[in-house]
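Chain naming follows the written order as A, B, C, D, E and F, and within any one chain the residues start at number 1.
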């Protein structure tokens, strides 16, 4: 099987890290390819960033759609392209936040998310609630460092992540830690040894879930929520975006 | 005061209708201007459509930002540009769905939303829950007609909207009806007479709320959720999008 | 338009303050009149106080009903006369607590309420839940001073309110502050400058919302929850209370 | 022990029925006395009715306070005098709606409430949610007959109650039926035989619970929510209402 | 009436304590008999313990079923035998946790549970949510002492319970304290004097509730959730367990 | 890796079916072994059945613990042995109900469960809520046939399952169907073709998830909820059950 991991920001360092991690954990029969869009913000820390990353991300996914069996949106958020892709394709699509949270629920009673800048706290609580997991989430804690500090200052940010996770365990009752940023990829097992509880990298969670989904022959439901978008004229976008719609005579 | 009403799709007919309605209800001291982006889908019926409409919508809002006191995203959804705009500006920003639902809660105990195609049902339930109003929402019912039927076939769609609203009142216990599509603008008072309960057009609700907010001197909170996005490099977008970010030395 | 602001306690000082605030913010076309009942407690700090204030409050509202277009119950609570008035009239009726909370949801992600004595904490959480806004409320914090301290000792109570709001912002993540007592009217803009986040006076919120509702021609729904009460004999009340009921032959 | 059952409306027929039922089920060591206020509406079908019944009901309770060990508010609602009385006294106080719903949760998984006029549906759903029992309530169904039809037309209303309860069991999955009006007192065992599931009269539920509470020596908590109301001047009410407050020097 | 109190662990000291408490509070017409199974763990602190205690507990209940009018499962948990017994019999069955929590809701606005070892915190939160009472529960706090410390070291554990309850009142806003372990039986009134708020022993709560249920003639609903289990072959259990099922020809 | 699938009932036909399905979907590197306890009921349709199946199920799991890397409880319920096993081992443990529901949430917006006898409806709603997924569950529908009809009368039950699933899709808005009984194993792909939406067999879902968990090196968290049970004397059980506890000197 072939999985496309789309890092929706334009940090190639993050993309490389995601590729390395995927290589470590993929089954021998899996080809995992990490890419990022050509346009958009270097990191994602707001809804504004999410939206500027969306068109480039969709373009990558649509263009390469036929060559892959499953798709991962490798940003730790309830990124709207997850849902747009599910509308476009019946192949399985996963975000790394949902993947890690559902896995966490099967390993412990309550999990905490350790993320980067403070603005992610309300955004990730929104995601938690959207997945229905408010009672299972012990806390969302941020290191209050920007995302790109993970590139620029890895040692200090590692220490902050460790300390923040320790607080989540001791003060909030977390039994599992979810790493709340794709840029934290690769830290999971180190932290796990220090913390004594499972630590989840959403990229690996999504990859392993999708290998299972494909192994079982699962597809995205095309009934109701993720039905293919109805035909309509589209201005200012290349043909690749237009042909995603149903044919004009197949509407509603 | 000056309010910018952005219809995020590219249907100029919808934009004109929104302008007409705004003209009817604006205070003498209010200048309301309806616009739509130059690019994007002609109607919005999916997350895919929302995302393709986002960049053009943001561009309109950012470009004209200094000339307006408040902004309306005139699509009946939890459109992500509402939140992106709140991050960008401290001027008040409203979506027409949230505006009509909060108003509905002050006029009756439970409201129903009457919308267009069936895919909107799960999307609007998501919005209802995001606003915290699940217990106040009696139902989300769709006419199962595509959005553009409102342009092409207004009589039949009017009859379907009426019938669907009657069912919401009789079977679901709705006490207020929210018109779940910007394209239904102008039907409210006709339907109200037939139905005997308040019928809300989200465009008018948002306009009247914002006139009140400006009259009271209210602004969007810039603490936490809607803080200005931190600086980062942005590829493939015009300078207008880059300058929205904080200065590079003001991160964190 | 004419709005009646009913302060349901018997503190004329509070009524005067409400009148002053309304004068500042009312549109030129709005006549806002603040009154209080002749009977009842001087302040409202319990359900017992609410009930003793209800008959006098209803009497004021019913007697002057024809001269006003909209009604405000100017006590920061889920005061039961809000609902009784909605049953009696189809003109819009707002409580100042609900008004400020719904407005807060459109300016930030989470709000806190700063109130007076500790007993208000459970009562206001009840109100928050009743409006469906539990997930949007960061905290309800009390200064632990009685309501009438706002009359007797304004400087100290101002300092306490400021300090309590600062805690709500720093420790609970509040992005908007709702002033949880009608007696705090007039403090909003001072606090806003100190705190750096929007601070809402419920009296002004309700007034501006109602100006919008009247401008849009909205009425209270008379279907189901707020239907006119059915006819029944009433003992020990003046004729004004009896004639509120439907005619005897219009029951059921 | 002595229990005061206050029917908050002015229907002596209802009061007599409540007295008879209490006589049937009271322990030999219990004296149960049913009374009603001298003023107020003949039946309670709205918040307006609740408020007009409150002052008379409180007066009865306060006047006779020393002669009783426990109090029942015998109206099937979340009647606000329940909470006012808990503030006034540390003796146990129960409403018949909460009593029957909590008992229902210990006899089956989900219960339905069968009530009178349609306006009670939203009011009782509010009560259900206030008690935290939304997931345990299968439905609130009304016979759509006014309360006083129980006096005037008992046979027809009995048939309607039976039919409505049958629908709740067959269509909504109710396992226990709560009779949603004090005027239905005495019908429980007849209906139980026909329906094959437990049928609860809230008056009996409240009486038996209070006998248990007194047997165990339980009191209402005076910490926080139900603390004695602080001192304040009260205008237009007899001395009996004023002396309920704390002494002036015991505020705060 | 005759009530069987089953302590599902094998600590005879706990059983004796339960018997003593029951003797103190039972009505003269009530015979309360405390027993424990012959097999199983000496204390219950985990789901594993619950399951090992279940077969012995069921055996006791089934064997003596005809001699009793009501049953109490005297372990402070959502013990699964509560539900199994309700399926087996139409006599009322109560767990001591649910009994104390529902009683707490009628005495104060929010309660806290003070329990033993830390693992009970998530288990009791599960129970709280299962009963629908999440909003009424201020906190679940553990002394972090194992259950059997109540036998071995009563003075120290008493001090810890007192201190933990004081924290729940001061920091979490608890208005009522539920003693979260059957082994705490007998401490309620001592703690109540120190704490100034009601303190509930679940054994007494369950006993007094059941006396009321029997006095009212209530039974467990046999419709849907607690229907008698359908016939099926059972291997490796004595005849007493097999005959609990419906007859083979009464399935479906 | 080696996975133990424990069918907790004593139907060898069900066990064989589970083994066959596991053989079809297991990775080449996975050895999946299906077993059932020697004692207990032939099918599980009630809490009583669950409890009678628990000791035998635990015995199987504990005895073979060292030979397996992961465990599946192959009963479509929130079977309590799932939690007991998580306390006993740090290897991953999954129930087939939770596995299929979390997978369903990643393939569609709302799922329905199609189960056997009516008593499962409340039990499975409890499970849905326990997993936090109430808003994602469109309905729990039963065919109203006993579990063993799946052995005895496969054609008719297949038709009923198909019809029930069609209703869930058409009337409740289900986008994914979860087969709510281990005995339905093998029907998924047939139904999927007829229904046009994904149909999930919980056995396969759990197997594929666990292959992913093991591939990622995940373990059950031993902090708080699933900590190893503390030492205590155990009466009437073989040594294998006693040695699961911590050593006596490692308590607390």
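The rule is short, and it goes like this: contacts are C-beta pairs under 8 Å (C-beta built on N, C-alpha and C of every residue); 3 or more make two chains touch, one makes a residue touch a chain.
Nothing here was measured: the structure is a model prediction, and the numbers come from that model.
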What chains do chain B and chain D have as common neighbours?
C, F
In terms of C-beta pairs in contact, which of C-D and B-F ranks higher?
C-D
Would you mind pulling out the distance in Å between where the CA atoms of chain E average out and where those of chain F do?
28
Calculate how many whole Å lie between the centre of chain A and the centre of chain C, each centre taken as the average of the chain's C-alpha atoms.
44
Residues of chain B that touch at least two other chains are 109-110, 121-122, 129, 134-135, 173, 224-225
Which pairs of chains touch one another in this structure?
A-B, A-C, A-E, A-F, B-C, B-D, B-F, C-D, C-E, D-E, D-F, E-F
Would you pull the chain C residues touching chain B in the complex into a rising list?
25, 27, 92, 94, 98-99, 102-103, 105-110, 131-136, 169, 173, 175-176, 189, 196-198, 200, 204-205, 208-209, 211-213, 215-226
Within the complex, which stretch of chain E touches chain C?
109-110, 135, 173
How about chain F: which of its residues touch chain E in the complex?
10, 38-43, 45-52, 54-56, 58, 80-81, 83-84, 87-88, 117-119, 121-123, 126, 129-130, 144-146, 148, 224-225, 227, 229-230, 232-237, 241, 244, 251-252
Residue numbers of chain A touching chain C in their complex, please.
121-122, 129, 134
